[in-house]
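Here it is, the structure in full.
First chain written, first letter: the chains are A, B, C and D, and each begins at residue 1.
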Amino acid sequence: MTTALRTTTTTTAVALALAAGAAQAQETVTVGFAAGLTGYLAFYDGMVMQGAEMAVDEINAAGGVLDGRYTLALSVKDMRSETPAAVIAARDLVAEGVRALLVPCDVDPAIAAGQIGQQAGIPMIAACASTPTLPGLVGDYLFNLKTADNLQAAVLAEYARAQGYETAYILLSPDTPYTDLLPRYFAQAFESLGGRVAAIDTYAFDQQDFSVEATRIAALDPQPDVIMTAAYEPHFPAFIQQLRNAGVTAPVLGSDGIDSPTTLGIGPAADGVVFSMAGFPVEGGTLAAFYDAYEARYGEDLPFAFSATGYEAVKLLAAAIETAGSIEGAAIRDALDAVVDFPGVTGTTITYAGQNRVALRDVTLVEVRDGEQHFVLQARPAPETTPKP
Amino acid sequence: MLWAVLPAGFEGPLILMLVSMVAVVGIGIYSGNSGIVSFGHTALMALGAYASAMMTIAPDDKARLLPALPDAVIALHLPPVAAILGACAVVGVVALPVALLIGRLEGSSASIATLGLLLIVNGVLVGARDYTRGSQALFGLPIAVTVPVAAAFVVLAILAARAFRDSRMGLALRAARENAAAAAAVGADVVRARQAAFLLSAVIAALAGALYGHFIGVLTPRAFYFDLTFALLAILIVGGMTTIAGAALGAVLVSVLVEVLRRLADGGTFGPLTLPPVYGLTTIGLSLAILAVLYRRQGGLLPYVEPDEVLRPPARPAVPPPAPARIEAGSGELRAERLTRRFDGVIAVSEASLVLRPGEILGLIGPNGAGKSTLLSMIAGSVPPTSGRVRIDGADATGLPPHRIARRGVQRTFQNIRLFGNLSVLDNVRVAADGGPWSRAEATARAWALLDRFDLTALAARPAGTLAYGPQRRVEIARAVARAPRYLLLDEPAAGMNAAESDALLDLLEGLRRDDGIGLLVIDHDLRLILRLCDRVAVLGKGQVIAEGPPEAVSRDPLVIEAYLGRRHAGDGRGPARSAATSGAPGQKTTDQHERRRDP
Amino acid sequence: MDLLFQNLVNALSLGGIYALLALGLALVFSIMGLINFAHGELMTITAYGLILGAGLGLPFGAAVILGVALAGLAAMAMERIAFRPVRGASAATLLLTSFAVSAVLQVLFQNLIAARPLPVAVPRALAGTLDLGGLRVGVLPLATILGTGILLAALALVLRRTRVGIAMRAAAIDFQMTRLVGIRADAVIAAAFGLSGLLAGIAAVFWVAQRGSVDPMMGFLPVLKAFIAVIVGGLGSLSGAVVGAFLLAFIEVGLRALLPPELLPYREALALALIILVLLVRPQGLFGRRETVR
Amino acid sequence: MLEVTGLEVAYGAIRAVRGIDLRVGQGEIVALLGPNGAGKSSTLMAIMGVVPPRAGRIRLEGRDVSGLAPEALVRAGMALVPEGRRIFAPLTVTENLVVAAPPGRRRSELAADLEEMHALFPVLAERRTQQAGTLSGGEQQQLAIARCLMGRPRMVLLDEPSLGLAPQIVDQIFDLIAGLRDRGLTILLVEQNVDLSLEIADRGYVLVGGEMVLDGPAAALAASEGVERAFLGLSGA
């Protein structure tokens, strides 16, 4: 089956190459993606997949990698947002002979799929799971690409202090590393900059009613200067609505989990929310150009940074293959590990060298006003503010 | 070796299929035998998986991930297979109180309790994050489940399930699934059997959970919640919950379906066809398959009978049937003393007393609604008396549950035949014979002997529910006799029979009295049968014993005739005129009565 | 005092939503023995209806009517297509059928509408707070309490005063006898589904207004809660379902408000344990009818 | 009015009714008698469409109504007062009556019907707001009869109306039944109480073991020993 599949693809590729008048025969390097195309991850993984598709096509259109010896292909398996299915999908992909693997946006299936890739010695990129501990948990073949939680938290904390906020109220959920660790990193950074954490409250993932928490905040005296959370959908929209309903007016800081249409669509409640993200499409920037291309191809009128990091992931892999001069797993891994200032499409450079496979990159802050994102700042946090993963 | 030549991509699905087979075979031990759909076994799988994780994750990782664990647990580092078995033992201990509790429940309240178990275990696993990492993934379980390992455990699970199914408890539970009241009436301790079934199935479910954990390598509470529950139930329902073969077949079919759909859903080229990816095809396909089975065959593809039971006719054991000694007359008596029963303020039976001795046949007659069946049910323990006492051979048996009464030597049949419809005729009788003071093989031999005696041998393998009326009655009586009772209570054994059938029945009943020395209490409307059969007859009218004595005397008692037919017949001169309502010609009287009733 | 009052409001508004859902579940269950887990998808349909309405440029009120009507129609369609073939089957069969229906609908939502959450804009008027003599109350919780309260009262009126309401109650007591007095089985079942759909739709409006977004899986959790409420109240009892819903909401809000932080993670387990405690004392639920032993 | 031919009812392998014929003429009271388990209730349930018959035809006023659903039969003019009354216990007396009014009936007509029932059953008027489950057995039986009358049936089937009632109450109920005929209703009465049934009936049938063993005018049946023999199980002797 595997061989048959490869032969077909090769034949097509040869035909194409002949038609183009190219002299060499091409082989395919397949990048696998165990993606949650159904279930709760569908939104995130779907965008990563589309971004990755664009990068693959772009690279192939430019002649492939390693002097045109290889073309790229993307093989996607739906893991239905279920961890066991992620294992099976990853095993299938490994059996198919993929040379690199993208892992799902959520940490659990990312670890599960990561364990398979690690065993097989296949370089992997987490294009949208931002937990900085993830590479450490899985092993030396997994690289984080998205703005890591500690980076986001540090930039948010710097911004908060710059705004003159003295006290912060923090809402976290221990149910995922993202919603648990990011606010804790923020607390750490905020305090290291002289701020004070007024209270830490928790919510549960199967909770959709935030009236009690909102009531508790409304009853605080004095009111906190700022409220920070890494909650995302569906919790963030529910929380912010009920918070405002309870009469709390304090500014709210969020993280890149709320970079979604919902945040922009819920209306006045979200006005004034500032959150961190991987990049912002400033006029004339690379990200704006990418979004234009993305819209032209997929017709989405609101592309999000997940598509850009999916695109970046494939570009990074291609660059690593070029550097390594090989499609062998270990060689690609070593090349990735040595990346310095790779120009990302999100408008920042990416560095892995010396970062324990957690990408060092700029963080962008945006503010929601009238259903639109407005650029606030782009920055790389000071190393001393950045909490250790 | 099959798995060695499998394309690499198939190994994972194959293992998953085997693991789900262990799970559904395990669930089937409880659900299939008892007929109660369980939503809670996924929770037990979770416990098994987490327990095995505690024993296999490397101590360093455990110390890092779960620092709150006791040092002894952190230090544990067993090889996977040992840990899987250890996890089964741990879950067995944890599940014991659960089994004792849920085993007491039946029907939909039991189902709901299992749903509660699912919710609670999930809540605890999510909540106890210091010990489980909560909603976050617990990882680092060694991936150790290969095809042969999984297959070996499938065999183990099937053997355990089959052993339970064929055991006394398993048979009793299946009987209760078919008819709870009848199972109690033959003396089966259904609660105990259900508790045992739950415990065993919990252990097998834990096994499946642990295997699952060591296949995936990562655990989250969410992985053991509604999605998995639904998937496993789908397998059980499609294959047929009531058989082990059905569960196994379901696992194969559903796994193949999922695998095919999964590949289709990813799109790609299949021969000449190129398909676009269709996301969610697996879920839709699985759901439609379930609906199709539910609409067409509610029992699933292989209901009730294991394939080998169809292929191999039931065999007679080599041992001779035990023959209980004839019961001596005068060796005791069954007494009902001033039994009274009220239902919502209505008095069904009022201070009724009866005595039944071994070797005699007592008839109990009376019009509809007189309270005959209620009186019988009070003696048999299925209706607790409001007041009064029941004594069996001198010992007080008032208020005992039916299966305890049955164990003291009192058996009954039901007005509306209550057989174990989907069990074979042989098994119907065997359930009752199982309770006697003899070995399993002897019990089976006794069941065969009774089939011979009641002319049912040719029907031994037939599901009892498919029999005609007469044979069904005979099965019910054979079943009641199987446990060698001292007293037998028969509620309208001849109802709905034609003359030839009731003549044959008469001979049978006389034989029970003559050859076995059993004391019989017979309720029937067929007075001819009562008069021919009984030594004494008691008449119940409006809940009270209004006459008792030899059949001929009773049949002429005007009180009796009035109770049956009304006053006028009682007065038409065929017996001593004890009734007050007699005078004038019948036609005349009708008018009188009308007048009287219209103008009180 | 303020906090207590606030949380009372919170519990009442949450309980009101649970009650509307539980009532719909109980209505259908009492008539045809089906615990409809696809009830949650009716909520999702309403939420999508709100978005559709906004997309069509309808005012919010009209969008609400559209969404709720869609849920009612979907409920009746669900009964006609999926549940009629298994009418009269065992409780487990019916339950599984509804699971399957729910799964199919979720996938359809994902494929035909959107896999990701979609925002639902709620009018600004609902987002404010009111000052009631020094006590601050959100407009939305207040509207939820008033709305569910009025609706429950109206429903009680419908069930007591109108003939279709009385027929539904009769059908819940003895379905066969209801047919024997001339009520059409199909009609009363369709009416029960339609009504349960409307209730789910209205509950969804309040739920989504609090939540701000809709996604294909949205309905599962509230319906699970409503299911628990129905069990506590007593399967088959309509008033029991309402009482069970408020009891559950009070337990949930109470635990979240009162538990010390170190016990907060166990709140769901604790809430369930309390529920089980109720069921241990009254296995048939608060208002359940004990099966008579004959 | 009602004509049943070759009716067979079976539950699984058990044949409860074995091919019986039965005819009820316009304005008649016909008693269907027989001992317990004779198949009387099964016959009624099959006529009313609750239990699907295995064979046989049912005609109402000349029209073939076999296989119709219970609700359709009710609208065709037939009504059943079931064994055990089966009133809606948690509902009030009035609600029990209202639920049985045909869907098309207008409010004013409905009120008139209720008035009529109150006149016919004064005790129900007194208890109109009471929960039906709190009524005594006799009152419940009256309610059950009143409920079936709400549909303005032309043909009424009564299943064991005397069951579980005290003798004076039974007398009352039978008076009521006789009164129904005077209102122009046709009645098929299933009873154990042979005497009273034959007193008010015009004709009777005796069913034993699912087979019709006797029929004839009520007076003749009352005088014959056949009924007694059938009941006492002496038919074959």
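The rule we apply is simple: contacts are C-beta pairs under 8 Å (C-beta built on N, C-alpha and C of every residue); 3 or more make two chains touch, one makes a residue touch a chain.
Everything numeric here is computed off the predicted structure, so don't read it as measured data.
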Closest chain to global C-alpha mean, per-chain Cα centroids: C
Which one of the chains is farthest from chain C, going by Cα centres? D
Chain centres from averaged Cα atoms put chain A and chain C apart, in whole Å, by 36
Based only on mean CA positions, could you tell me how far chain A sits from chain D in angstrom? 75
At least two other chains touched by the same residue of chain B: list those residues. 126, 129, 134, 279-280, 283
Shared-interface residues of chain A (touching two or more other chains) are 37-38, 42, 174, 204, 206
Listed by label, touching pairs are A-B, A-C, B-C, B-D, C-D
Where on chain A is chain B touching in the complex? 1-2, 5, 8, 37-38, 42, 76-78, 80, 82-84, 87-88, 91-92, 95-96, 107-108, 111-112, 115, 137, 174-177, 180, 204-206
Listed in rising order, the residues of chain B that touch chain A in the complex are 7-9, 11-13, 16, 126, 129, 134-137, 139, 143, 212, 215-218, 220, 222-223, 227, 262, 265-266, 269, 277, 279-280, 282-283
Can you list the chain C residues touching chain B in their complex? 82, 85-86, 89-93, 95-97, 99-101, 103-104, 106-108, 110-111, 115, 220, 224, 228, 231, 235, 265-273, 275-276, 279, 283-284, 292-294
The chain C residues in contact with chain D across the complex are 160, 163, 166-167, 169-170, 173-174, 176-185
So in the complex, which bits of chain C are touching chain A? 2-3, 6-7, 9-10, 13-14, 107, 110, 114-122, 124, 126-129, 136, 138-141, 207, 209-213, 215, 217-218, 221-222, 252-253, 256-257, 261, 264-265, 267-268
